[in-house]
Amino acid sequence: MATDDDLAAEDPLGVDVQRSNGASVIRLAGEIDMLTTPALRAKVNEELQGKPTVLVLDMLSVEFLGSSGLALLVEALDESRNRDVALRLVANSRPVSRPLQATGLTDLFALYPSVEAALAG
Amino acid sequence: MATDDDLAAEDPLGVDVQRSNGASVIRLAGEIDMLTTPALRAKVNEELQGKPTVLVLDMLSVEFLGSSGLALLVEALDESRNRDVALRLVANSRPVSRPLQATGLTDLFALYPSVEAALAG
Amino acid sequence: MQTPEPQQRDRSSTATDPGAGSGGLAETPTPVEVRVHADPALIPSVRAVAADLAARADFDLDAVSDLRMAVDEACSALVPLAREGGQLRCGFAMADGRIDVICRVPVTGDAALRQDTFGWRVLTTLTDDAQVLDADPEWLGIHLRKQRLNP
Amino acid sequence: MQTPEPQQRDRSSTATDPGAGSGGLAETPTPVEVRVHADPALIPSVRAVAADLAARADFDLDAVSDLRMAVDEACSALVPLAREGGQLRCGFAMADGRIDVICRVPVTGDAALRQDTFGWRVLTTLTDDAQVLDADPEWLGIHLRKQRLNP
């Protein structure tokens, strides 16, 4: 938001991508909400287009997950199926697990407690 | 505050006293502010009146320390000197160390990292 | 305990009846109110207030998370409908083991809140009650209620 | 960076000039405002908002702690002076690496804020600037300013 310059001085969502051996790992840190979802969507789509074998979303450092973020996860799941990419989420704390559970989405996703476990499959 | 019953449903400051071998340990948990300082003052004065050799204030679980709490600590220090009680604070985290430091009070107090260290002196 | 009373009689509860105030939805008195520029960048601060109040009212951690998320949904739905330069106002009333939240923004005549979205479904899933407040032509709001599970 | 400009020209900063608003101190527009019943039990929620805004404005942890404490002091000094049933209002403006806070309560004519207390000394120690706002006969306020140390 350009109007409140200092408020949004720090990007509230960190997105870091690492690729190796046909796997992409997107490490997220911060808050996934209406404000930060669009940039994340672009990044996830970019990785899906590269057709990795596995796409891991490391959400261990996510502090908030709103419905726009949940919608993005659902979209990414469908798109990963279309492209034969295995989408795997890494999440073990309340800010991610509670929204998935409360909205009944937990069972849709392949959830892992660590990036290593997700890469091992 | 009787008017906003549910807001203050939980006492925002836990105070727990243990006495043994002439030492009193007051364990505090929560917020020390305008609202909670009066009850804490009564408890501290009660312990000082018992003239223990050592009075330890365990502040490891204190989450906020306002000026009313700082003023109480300063009072308790004077009173402990009058009564020949060794007052020792246990504190190692920002919610306590920063207020003491920012107000220049750190040097007045005997600070310890743990209750064991405070009891050992 | 899970059965909200149909009528509310104590001071803080009547304040949550948005039809009661003479000032309309804009001036709905509650014990706690946050007013921010209707800017998505300020929604995180509003949802943080909701979480803080729920934690202080002794809601369990899942319920704190649910209320944070529900308030985020309500604000995210309303802010894009706000009039240029308008305020997002969220009032909170804590009573009888529940929290009532009334979020609203000033709108122009044709603003409407979609209830056929994923966001609205999430909001209704996370709360015990969610109502659109559209009786005031100048303001559009959402009233949420969340019960505490533990007594 | 540590030299506050004598005059403020952008939108959010002029909002921090309490003399500017036509509504007096009661209606001092800021990007974020919290209004609560003037009740000591609600001060923790107000200081939590101050800490949240400072953290989001990238203040270091000591500065977040200092602002939380300074706002607690301001509120604790004002709430006992508030008229029966009155509101404590705290406005926050974030700009140029600093946060301005204006806290105020409605008062009767003879209310005065003591500046010879330990609490006031703490408040001035923790902030870069602290002013009593007593130009409005109906409201009494405190204006605090805290600079971010890191650029």
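Worth pointing out:
Going by the order they are written in, the chains are A, B, C and D; count residues from 1 in each one.
The criterion applied here is as follows: a contact is a pair of C-beta atoms (placed from the backbone, for glycine too) under 8 Å apart; a residue touches a chain by one contact, two chains touch by 3 or more.
This structure is a prediction, so every number in the text was calculated from the model and none was measured.
Common partners of chain B and chain C, by the touch rule above, are D.
Using mean Cα coordinates as chain centres, the one most removed from chain A is B.
Inter-chain spacing, taken between the CA centroids of chain A and chain D, is 38 Å.
Separating the CA-averaged centres of chain A and chain B is a span of 44 Å. Averaged C-alpha coordinates give centres for chain A and chain C that are 28 Å from one another.
With centres set at the average Cα position, the gap from chain C to chain D is 25 Å.
Within chain D, residues 31, 37, 39, 42, 44, 56 each touch two or more of the remaining chains.
Within chain B, residues 3-4, 7, 12 each touch two or more of the remaining chains.
For chain C in complex with chain D, the residues that touch the partner chain are 31-37, 39, 42, 44-45, 48-49, 52-53, 56.
Residues of chain B that touch chain D in their complex: 1, 3-4, 7-8, 12, 31, 33-35, 64-68, 70-71, 94-95, 98-99, 102-104.
Residues 37, 39-44, 47, 61-62, 65-66, 68-69, 72-73, 76, 118-119, 122-123, 125-126 of chain D touch chain B in their complex.
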